[in-house]
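First chain A sits with chain B, and in the next complex the same chain sits with chain C.
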Partner chain A sequence: MTRSWVEPIGANINRVEALAKVTGRAVYTADVPAQGAAHAVQVPSQISAGRVRRIDTREAERATGVLAVLTHQNVPRWRGQPAIPYYAESRLPLSDDRIHFGNQCLALVIADTLHQAEYAASLVLVDYQLGQPVPNLDAARADAYPPTGPYPDRFPTEHRRGDAVAALRSAPVRVDREYRTATISHAPMEPSSTLASWDGDQLTLHDSSQGVFAHREAVATAFGLPVESVRLISSLIGGGFGNKSYTWGHTLLAALAARVVRRPVRLTLNRKEVFTGTGHMPAMIQRVRLGARRDGTLTAITHDTVNATSPTDDRNEPAIQSTPALYAVPNLAARAQVAKVNIGTSGAMRTPGDTPGQFAVECAMDELAYELGMDPLELRRKNYAERHPQSGKPFSGKRLLRCYEVGAAEFGWSWGEAEPGTLRDGNDLVGYGMASGIRAEHSAPAAARVEISSDGTAEVRTGTQEIGGGTLTTMVQVAASGLGVSPDRVSIKAGDTDLPQGAPTFGSMTSGSTGSAVHLGARRVRVAAIRLAIRDTQSPLHGAEEDAVDVRDGRLLLRADPSRGETYVDLLDRHGIGALRRVGEYQPEEESAVERATFGAHFVEVRIDRQLSRVRVARHVGVFDCGRVLNEKTATNQARGGMIFAMGGALMEQLVPDPVSGRLITPALTDYHVPVHADIGDVRALFVGEHEPEAHPVGAKGLGEICSIGIAPAIANAVFHATGKRVRELPITPEKLL
Partner chain B sequence: MRTFQLDRPGDLAEAVRILAEDEGARVIAGGTDLVTLMRDGIQQPSRVLDLRDLGLTEIEWQPDGGVRIGALCPNAVDDRRLAAEYPLVVAALRAGASPQIRNMATFGGNILQQTRCAYYRLPEFACNRRDPGTGCAALRGDSAKQAIFGVSDTCNAVHPSDLAVALSALEAEVLVHGPAGARRIPIREFHPLPGDTPHRVSALRDGELVTGIELPAAGRGRVSNYVKFRDRASFAFALASAAVVIERAGTVVLGARIALGGVAPKPWRAEHAERALVGNRLDEDSIAAASAAAVRGATPRKDNEYKVELVRRVVRRALSELE
Partner chain C sequence: MEFYRPTSWREALEIRAAQPDALPITGGTDVMVELNFDRARPAALLDLTGVPEITGWSEREGQIQIGASMSYTAIIAELADRLPCLALAARTVGSPQIRNRGTAAGNLGAGSPAGDSHPPLLATGAKVHLESVRGSRELSIDQFYLGVKRTALEPDELIRSIEVPAARGPQQFAKIGTRNAMVIAVCSFAIALDAGSRTVGTGLGSAAPTPRQATDAQDFLAEALPWADRDPLAEELANRFGELVAAAAVPIDDVRGSARYRRHALAVLARRTLGWAWEEYRCA
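Let's look at the complex of A and B:
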């Protein structure tokens, strides 16, 4: 008897690595065993601006077990400048005596054991020449300027349509507000780790990487090697959120150290280094102006942003990128500036640009709604953009209205029953708020090899990486669906540049791009098998039309007469084929007739103790259009995680710079507060997406980023409804409501 | 981390002898604080004394109804009688840290934990408490988490312990043992104010260690409460907290003790607030008067001004919730 066949895509199967994770057998990069590996430790700068006048490493070099101490004075030269952003900074580590931020690496100590290296690092003496630090965005703001260089080349700093200034002037209703967001950190559980070993000119790196191919190229460039000389392997990642999207100095240093000491070298960051030296979302100040008619029709929007950037690079946080796509407003002007602060270079953090950018715009929309005396949900419906308002192209799919509808019903949204600051339950103030979110859908070329073996098992090989979102599982499901086998027959090899090139696991590209490659590869295998069968006189399917054959649970069969068919096993066996394999290649279109994006709508209820004013998100309904859901279980998990992640940014997270020096005073998990379980209320994630092959062949779109957009404004709007007070600065900590 | 010698003294006398003769020696109990400080180079003892062989984990009831709790008794204390007779102690402990940390942490270590002042815990900043005479980066820096009572011009750090706040409201005594034998230190004298010696964090003399804590017998008609306010629901130090102990005859307050946490370099007794209650009925008026009086003498700065209002509110909440 065959089991009843369940379509693998969409099935709520458990993660393929679940058992390994919950039993502690899962291997993360720092767990990868390495015979005879030495350990490297970075020597941090105690100051945030200035120079190294002198650095004395003699005592460190004499300490037990020390193999080498590298400083800017003795470090071998880098052979090339890797391209931004996959190497995040234009300055390579240890390249000069300049100090740009607190805890910057000034030297690297390599020793037999970690403890020897740590101890020796404490013996390195640095004589500093103090510079004048710019401690924070407020201090830098007056000198803000339009950024130049590779980041603005990639993320435009201006958008325009119509005449926003004139339209604002003549608008009967206007909102003009400034919003602020703090420096926040990805704060992944796993600190980045690198294990480097050389075999002649061949470098193997185990690295906590969200994009093995992009990072291999960055490393190869720095060492002047062809990419084939570098193999980069990423084991399971203990949380990325963008923290491991770019390559940071420690990865290059580990490889360099291994070359110098002629031994494998392991370098695992400590918590403080994660906070100070591997990117963050920068502090921002944003001004939003909205113009509208009395009926709520938007006539103009302007969005001006400035974000803190490091001394070495102009990295504009792309907060204005989605403003042109949000609403059908004819006049728009958006502009991004940066201001130099003595802090490490910021990086991509879930969700780059859109979390802070849409916080500002969606709060302003709420302020406009109250100004107009209009349901904020109605205001959004009124200005709904059927087509992309900037390009005029249709979307491959846009179910935002459906998100509103489903979310409002699930939440029980109704507006206008209680004035702000009037709703009470016992000692609690209660407030409701909503906001929506949009995220442009990105894609990257991707390839995957799929095979079915004569023993009935199947395998996927693609250089994607599991960062906790469920990638390995969904890729197995896509392959199972394409092949027509049960997912438990499919295994996957991933996270290695020796495999076919998958898309990176950032920018929400896995489901759409790598997923499409797997989908295409699996379809090719299925078609090859079907053709083999229908041309084979010994097959029960001989002579059938290709289209008439289906595959279920590993058995090829006639749709019209399922009793006629045979299994992959029999077919391959008879033909003496050990494994039938094909490569699927996904190539995004260069020019597209459609716009691709994901959408979300959020409805939240906050409760705030009237005297002890900590904001609690008691209920949160998020509804998403991310195309076809590949696995509702992992998707729900991912979406709830993203919603909670963004709640942390809205209510408690902040990397606080010392107001004098700019050195961070909260670079530890005791002080950098992320939500604990007790902070999490009833958080529900729902999906309205459908199979959307116009977006990508696999029909799915990204989810990992859209699920963190629109939460902060929904919460801030609910706080206003609860208290009557607009807090325009994140995080909304208790003292702002006293 | 610097290398150090680890000792496991077999009895109190040996422990005291080592502490007295070796200035670089430090006691380790649960290690939940000391180990992170050593890891970060904030404390660099040359010798570490593990007290685990000394016992000191017992809860002993005294004939007069008081109780003596061993210095090494874990913070995850599970004792019915203690919970019934000193609910304030248990509530304060439960409001702190996490279950894992409370399993390791001890009573002695808790009241001797170091400040969470970021400027103390990050060696790149100047700190008089860590390195006497080097200045205080916090005074020029971010004061949002700093003290509003009892500060000096050398230090404005906060004492972080919840337990110590409860002990203060209960007027506990700290039992210590040193080269000169045993003595007891009233809790209000145990934590000195920074003055110009902020590096002195307790009244312990050279060679002394804590052996236990003694709580006086609970008076009749006693009620108590602990209210802790922080910026997330759990696993965070107090922005402000209040421990209140009230003794009543009928409806009249005979005795009141109010201690504040998260706002001073030591558990801060709000004596003005106590006086506002004694002799009165516990009602809205007296509670309002007490919460207003609780902040008398506060010297906030711009970025911790909010703590003044927070103190009023935690005191009001703690008193209002009493039966």
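Let's look at the complex of A and C:
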């Protein structure tokens, strides 16, 4: 019996870990068994600004089961300052007596059991010297300034071309608006967990990590160890969204605690600590000015942003980073500032910079379209940039016009039939809105080992991480395609620094970078096997040209005569080879002749209860160009998830600081509301990408971030169309529409 | 923290009398949240789930006795015909898992103005049966709530049951949240029409320091509704009812919503639920 050969890339196969996940057998970091592990609990600060005048740990130390209590007074010194951002802050935990934000860790209690540690933590007495907190961005705004340090070194705070001010002055049509976004959280289902154990100077960390290699380096630096002395293992992750892209204090503290008590130590964050101490997307105020001719041709864009940043670090949310790439506008000026607020350091959150930045610009574009009396879609087409408008280079691929076309057709987009605030269906106001999105495509060096065994099974080894997007599955598919075997014959080992170095699973780099390493490794194995066969007099393929041989379903065969060939199993068996293995290495070009980016277009229908002003996204069509789709099923799932994720940020999510103390008053899932099923309408994700080897050898680009860009402005624009009221502040809660 | 798990009602009352700072717990959907957020650190928990006398429900002369440990899921499954308003409210509580654990009596014990059970109990004129080793007493529901998370429950008392009259006319409940499920009410409203006595009951949630009735609105409506002719609802009448309901509210601004929105939304909910209930009455 022969089964028909299906190309593995693009096939809608189920996730390789699906069964383990739905049956509860899947192992997440907090599930990793550890005999004799002690438990660590952080003692949180009750104030958001000030100092620890005195900290009394005597009662806690006397409590049952307590092994140690660490404070800034007795903590062993850190041996080095890890580089930002993979350790997120320039202040290491328990470094001094200063308090910068509410719930900051002031002490660590280590005990035999979790309950003993929690109880003892409640016995630690802190005498506070209260400082004057800066509670929120409004209070800080007047003191905004250009950031300095490693974050702005990485994310430029200015972009310029032409003379935007002069062009604005002479523009016949102008838009000048301010937009605001709230502090929002990744809110992953899985709180980060660390299990640390030492064997002499050798540290093994199980850690909820989206980038085991980058994080190993951060940990090694803090302990003054060579990177080889640290092994970091990340098993399945229950939601990342950037929450686990950087390492935070708890990871270092768990390792430190294990060293102090000479036992493995487990530290799992509670929900409040996830909200307060592992990053967030900071509150922002953005001013966008557009200048245009009456025919809609843009002549100028300015984009000025200020975001809240923590007392310890200047982290500019890179909201201006894509503004120069959006439209073919000759004059542009963009500038980012920060303002100090007593809140934890913000982090990368899907999609860093681009979600808030393009909310502002794409809303302004909609305002301009109405000002001009022009279809917002037509306005975007009019200013479409064929080449990158800043560098002038061509894109490796750009199918944004196709996104517009497919999305408009699928949605049934038509403009101009109803004035804003006039479309009704029963008791609902109905409105349509659209926006587009762009995300620069990043790359990182990556390696993967691929092998085919004489029993016909294959294995991929690469230190990538499964954060829920389907990475394990798509990497198996890429290997299966390269080898010419069915995906069900391929297994994968991932999430471990003992494996070849994969790209981190953030910045949308998995498909392009790790995928290319797997692709190259698998191709090398295939070529090695083909060469073995064509040089082997006993092989039916002896003497064939290398290029004439294909591999399908584990069988090497002549393209011109598929009946002539043999299986990997026979070939390896005959040569006494247990496994044929090769390493694929992907190295991004230093200087590229092309620009790489992913694109999206969103079309949204909102329905708003006329009296209660509650906004529902009834229909949403998102169309994406992310190159070749590796698995339509996982891609659709990821894209719809990203669209719903961004809808939450647009309509309901916000971390609210107390206006006096600055402490967050909603650091719990009871009040920090993410969408539930009942909030989700007809959400469709479509793909127009094609094989794009100019982007990366595997032909795929990232999807995990582009799918969350452009949703908030599309919704806000639809809300305007439905109500005639322009809400320029997220989230769009009913109050704002009363 | 001590943990008591009595296996009889008598034993529960004795423990309660001996240790009044033991916090009663049934489903835990309020109590555990308080513990988890460190808002409460009771000396002891008094787990009532092992007490057989307070499970389930019974009916006598049109009055339904709801045992203190009867879950929302059971209320929905077994009492939706007799107590439609309470069942409607129960359906909006949390998730299936929460409804499997949570109880209406627990809502009363917690005394949060946002509890979903309160508006239906107020609208239907429920009574609360309280017991202690000293004896038992009965309070009408509107006397039970004293302030934010403060109730008339004495330190040695337990809620034994809630008595709710079987519906004598159409009843409705509506709730607004910041999302469509798994949500604490921004505000909520219940209405019960008594076709026999031609009276109206109302209940407002998340609208004041305590759940409350809108008595002026009730009196106005009882008088103004065309009970005999069953005419369609006049818009002015519905609007006036909405205004009176909103006037009965003393809401606050908080993270879930503003006072202004709450007052506005209560008027809308009042008009809508009245419209639905009146249509049902007309067609009955």
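One rule holds for everything that comes next: the second predicted complex is superposed on the first by the 738 of 738 C-alpha atoms of A that agree within 3 Å, B and C clash if a C-alpha of one lies under 4 Å from a C-alpha of the other, contacts with A are read in each partner's own complex, and residues count from 1 in each chain.
Here is the rule we go by: a residue touches a chain if its C-beta (ideal position, glycine included) is under 8 Å from a C-beta of that chain, and two chains touch if they have at least 3 such contacts.
It should be emphasised that the depicted structure is a prediction, and the values quoted were computed from it without experimental measurement.
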* Asked: Superposed on chain A, are chain B and chain C clashing or fitting side by side?
  -> clash
* Could you tell me if A:Arg614 is touching chain B, chain C, both of them or neither one (first, second, both, neither)? => both
* To do: For A:Leu557, decide between first (touching chain B), second (touching chain C), both and neither.
  => neither
* Asked: Once the shared chain is lined up, is A:Asp679 touching chain B (first), chain C (second), both, or neither of them?
  -> both
* Thinking of the overlay built on chain A, is A:Glu735 touched by chain B (first), by chain C (second), by both, or by neither? -> both
* Scan A:Ala220 for contacts with chain B and chain C and give back first, second, both or neither. => neither
* More chain A residues touched by chain B or by chain C? -> B
* To do: Report for A:Arg663: first if it touches chain B alone, second if chain C alone, otherwise both or neither.
  => first
* Is there a shared patch on chain A that both chain B and chain C touch, and which residues make it up? -> 611-612, 614, 616, 652, 656, 665-666, 668, 670-671, 673, 675-679, 733-735, 738
* Residues on chain A engaged by chain C in the complex (per definition of touch) -> 611-612, 614, 616, 652, 656, 665-666, 668, 670-671, 673, 675-679, 733-735, 738
* Asked: In their shared complex, at which residues does chain B touch chain A?
  -> 1-3, 41, 116, 118-119, 121-125, 137, 140-142, 144, 227, 229-236, 239, 306, 309-310, 313-314, 316-317
* Over in the complex, which chain C residues touch chain A? Could you list them? => 33, 37, 176, 178-184, 255-258, 260-261, 264-265, 268
* Asked: chain B touches which residues of chain A in the complex?
  -> 44, 46-47, 102-103, 115, 118-119, 122, 611-612, 614, 616, 651-652, 656, 658-661, 663, 665-668, 670-671, 673, 675-679, 733-735, 738
